[in-house]
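Both of the next two complexes hold chain A, though its partner changes from chain B to chain C.
Moving on, here comes the complex of A and B:
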């Protein structure tokens, strides 16, 4: 499908054209066509229910059967064939209230929602947080992500990179608001599960209790499946639990959210390794019909340098973090060298500091700007005292008496950009030097450990040593065996695993119910359509992204307490009010175009509307120039721009942000509302050359008509 | 000034509003706008008898119209061939300046399309050799449409007849 065409909109326009060109001469035929048009219009406006689809088909069939004129029959046949051909797109419009092409303005999704791998309806929950409805916000999030609290603390938040407010000043703290809502709802005990569907008797076994597996378990349990999760470790949560350190993601957070999933009837068997504690045969004999492999990527890439395997003290980052997470809080050594520039390297380094290591250095072969780790985390690591050695390539591990004593490195410089635009680190000859370290932590990437999966003989593996699945059905080469998470994608993020788990649950359900798998790419679902907050342009501009309080640096260096202390309620409410509500305003720029090019007023300065090359934005300038003619509001395809008369003033607002407010004038005769004085001045100036109108009197058009009608009336005396 | 003229013989008008309805229905207008309207004056007592007058108020298609001067987009234009003042819906952005500028309230607001709408003498019908919709439906035949030269001299004749009775 061409991503720029929307079948619903196309049919909408075709029927409109047929209605307008007069080819439907028969009145009944026109009536039917109008009814079809109204139904298609509903679909494109997000007002349609499930019955709309069948009704459109039925009406089209009526047109064909009645066959009143050839044009009627032709239209009926066309509509029936077209709707049938694009059935999935129509149903998707009806069910998801999303038109990914943006051709149906009311269904155009916000960029943040499109950027979220899990497709969370971000504008809706941000608004609910601002309204103080935390439990509702959580239930909106959990339609797409059963771990709002976890993701509220450690998500990579690609949504914030796409945030339109970021084009104006700073992006909305989308992640932090999610964490805030989850904490509030959990504390108020209003964080609740939705009602699961009736038990359908099917048993599914999920191998691996990480974010991918547990998410699939959650959505399968909601659909009535009996789900059992097999987890090799003594704790549930996978990499969330044993990969992400506690100071970023407290254990209680994972425990509480996993418990919510368990309370839906999901059984989690800990300390159970497939191939050792249970076998596929034993599981099949328990009655499991479907298997979901969600084993994650718990292996580490090796440095492939001499000495790596010869000395004690070389601990891969993933093993190290797992050991610490499972309770081993012994100091690994005094001087630590962590190799790598990703988030795992930073996590390992900061964990070492907290365990009492005296000096922790991160060795990275490129420069600061090229580090894949998040900027904030690098800054926090620096604050805590982690030192960085950039442009440093490890060459050999040195040791004595079986213990590592240091790592030989060479310095590097960046090459000129190659064909792909990347600058490669090139070793500098003769720059060998030794960095002292009794602990060396390689953190250069993770791989999947396939041990235990041998029993799934037909499962196919890719060259990258990940499980090969069909991208839509999530099924492996083996019937009834599905896979998800890092085991499929390679090491990725929590939210990507969650997105995969949700997709797998839906694919498994379709597989067992015999429902056709979707042919079109998945689109996020618009869960709610909430009103916006009303606030003046100056406040909307002045509100700043709040700075989150952090634990003191001393505590950060000695304890595993959570570093980010969260927003307070006022900060969260204000932050949610900064949202530009891109679910309502689709940034088509029609308002700016009309004000500038058609009216010649240039009262709207909304540079942020241009996503790729944003210009200056000044919400306050509108009040100085706008004449309140309302052309922008009239032409807004979604009702984001509104002009209303309230309390004697005419107000222009964009998604609730009041851009202009002018005092109204009233008709001298009947008291009806006229426009504001600035609007009249504009007209008077334009018609000055014709002749003055109404001698400066302010009367409404009704009264103007009545008065001139009276002047022309001939009431004659009756004939004698 | 348009080369056409629409004349109402008020003496024959019974205020049935058929013209108003026909006008709205031809332009398929929703609730609200009346491009032409019959204004009811009275009843007033004239010689102890209640009398009512009905004035038909379409657009006058002025020679130098306020609405055209006010329109910032060039949507409101007099047609070069016959001077009929029309709105081009493709250019109209709905700023309503024409509506506020007209001393007679002729341009009207169509809330469904968000654009101005007005009497255009049904120029498509006129071009096809037909009369405007309002004229066609008038049951008392009080509306006349044509060039100013063609308009019957009703008022003059009536005045002359009344004078004659005085004799």
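Moving on, here comes the complex of A and C:
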């Protein structure tokens, strides 16, 4: 676990020590200190309310004012100063129920939630999906992300890379469960907006209706702001709509989620370009007080090779995908060469196939292993019939009669690693060849087109030609102007833009309310504390990540129908039950240490606990070795490990996974619970040298003592 | 160095890049996983997305990262 200091835990431990060391001799002083301790304990347990902070300060001040003893005054002064100094951390604990340092065990966030850029409470919604409560799951997700359906289909899911189950076998299909819940809730018309706050009269203008801009619009509207989104394109959704092909993200999904945002009163002005259709002056005269720049990165890098601008048929990938998304489904040509190895190149190639192009080849200057596109995208493109030409460097576009006819390329080989460890593609002399193509699609990167933003004179730009912001608040150098999305990060992911939009909405609100801005990244908020599912260790182990059904390959090649067909209900429920519930078990490893080092049993084989060097995990082995002593459960700081007696059995479970279940035995004399035979045998073995009284009988300690006492009474003292 | 999705990395030093912010100092020494490398062109200058163990997901310059496990 993280060894960083948590101020709440530190104060908790300091007061506890003061109470225990006897320095507070006056009874009233001890009582006050105990009350403060209880309040701080509440904060560290996630049980505190909004009044806790003020109450702690008040009690500390009482200690000072009463001045019953020097130690009392000293404690009061210390607590008041400490809490004041670490105010933000205390408030964060109270409001988010999260302690990012991991020092407050009950408040340690799950790794998946920490990894989600938007900070979604993943364990809670995964559990709700397993309970069949889809609308509730969506409501939990939308506290942090207003696009659960979109992200359920196209998120890059960093959460799954950090999923602890992935250290055991395969990570939970977190993204797919989100998509499943969203579809179910939308279909049942139970996908609802929360109630917005009262109108505060302030008008905010958002330039760009992509995921970042619309997310900010959603959270600002919920806070009572009047939000208008200016969108240059004829559709809302930004790159979600015109950058991601329909077979990955159907247009209806975006339309439905954007409509939910509009229904909060957000106005979206389509076909409206800043600097052309509206100006900053005209917007200010409409009463807009705050601005959020979310213009995305809709420009394309050029290949910078001869002939690129001379022939018809050379179409930048971003323009091509936009054109198709906006309804132009004409075949661009017969033979297509896509240049680039990223996700956009793959999207463009797969789109060409669906439009009826006869041959689509991706030209990439490095090797398959080095392709930056996501592996599954590459595999699906190969399945559909896209060809790949690796180690191929374009040199010139050829053409005739004003139209492209081919692309001259040279073969490349990778150099030895340079100082930075990179192997560069080096052209092979004399390897020039022509790849026939009437369409050439450069897909080698995107850039921001800042046209229209000149009016924001104080906004600073980075050397990457992105807007400079403080990434904790998304605030630019210009007062009252914020920026999010690809315009800030460069081409990035939908979920990062959403996270930025949420941060910006909060920062805009603080800006207008005169609240200080945070200096550190936001801590994710735990939205619910839900019970876990009970299931045997063997089932928990055997459940496998479900394979998602896909559209047939033939259909994929000719239509824009969604390729991934989603889980069915049973798959979704089973998948949610695979979750290890890391919001409850914080992976401190105390259970393993106690069992191995103190009890000498070694019944817990939980190699997944370690991030850096995960070892083997076998949940079933516990049943073979565990004596059900309960030492692990007693020492578990969060109650994740539990031991319970029920129906004549003693059960050991970890977050609901039943690791061991042993039949209970009862005292032959009084009928009291003895524990399982294995436990009894362990104890008898340990104490047989000092207390051989039971003589193999199953009796409790009390009866053994009584019997032993009786034996002593019968002893006749030896004669003198 | 080319980073790929799923690689384990360490933030072994502060970056000299302009995108490095003060709060990132606390990340030095942490381990994480590359979750979104530069997906367009393997640009060594691109900011790439890293999920840090217990510290969230951030887009960072590449000169502060080193691979600790493929």
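Basically, the second predicted complex is superposed on the first by the 685 of 720 C-alpha atoms of A that agree within 3 Å, B and C clash if a C-alpha of one lies under 4 Å from a C-alpha of the other, contacts with A are read in each partner's own complex, and residues count from 1 in each chain.
One rule holds for everything that comes next: a residue touches a chain if its C-beta (ideal position, glycine included) is under 8 Å from a C-beta of that chain, and two chains touch if they have at least 3 such contacts.
Keep in mind the model is a prediction, meaning the values are calculated, not measured.
After overlaying the two complexes on the shared chain, residue contacts for A:117 are found with chain C alone; chain B is out of touch.
In the superposition on chain A, A:100 makes contact with chain C only, not with chain B. Contacts of A:493 after superposition: chain C is touched, whereas chain B is not reached. With both structures placed on the common chain, the touch criterion links A:350 to neither chain B nor chain C.
In the superposed pair of complexes, A:578 makes contact with neither chain B nor chain C. In the superposition on chain A, no contact is made by A:167 with either chain B or chain C. Shared-chain residue A:686: touches chain B; no touch with chain C. With both structures placed on the common chain, the touch criterion links A:503 to neither chain B nor chain C. Taking chain A as the reference chain, the count of touched residues is higher for C when chain B and chain C are set side by side.
Overlaid on A, the two complexes show chain B and chain C touching no common residue of chain A. Those residues of chain A that touch chain B in the complex are listed here as 594, 598-600, 629-631, 634-635, 674-675, 679-680, 682-683, 686-687, 689-691, 693-694, 700-702, 704-706, 708-710, 712-720. Listing the residues of chain B that touch chain A in their complex gives 10-11, 37, 39, 41-42, 44, 46-47, 49, 51-55, 57, 64-66, 69-70, 72-73, 93-97, 99-106, 108, 114-115, 162, 165. On the chain C side of its complex with chain A, the touching residues are 1-2, 4-6, 8, 18-19, 21-23, 26, 31, 33, 35-47, 49, 51, 53-59, 68. Those residues of chain A that touch chain C in the shared complex are 1-2, 4, 100, 102, 111, 114-117, 119, 156, 158, 161-162, 301, 340-344, 366, 370, 372-375, 420-423, 443-446, 462-464, 470-472, 489-493, 496, 519-521, 524, 611-612.
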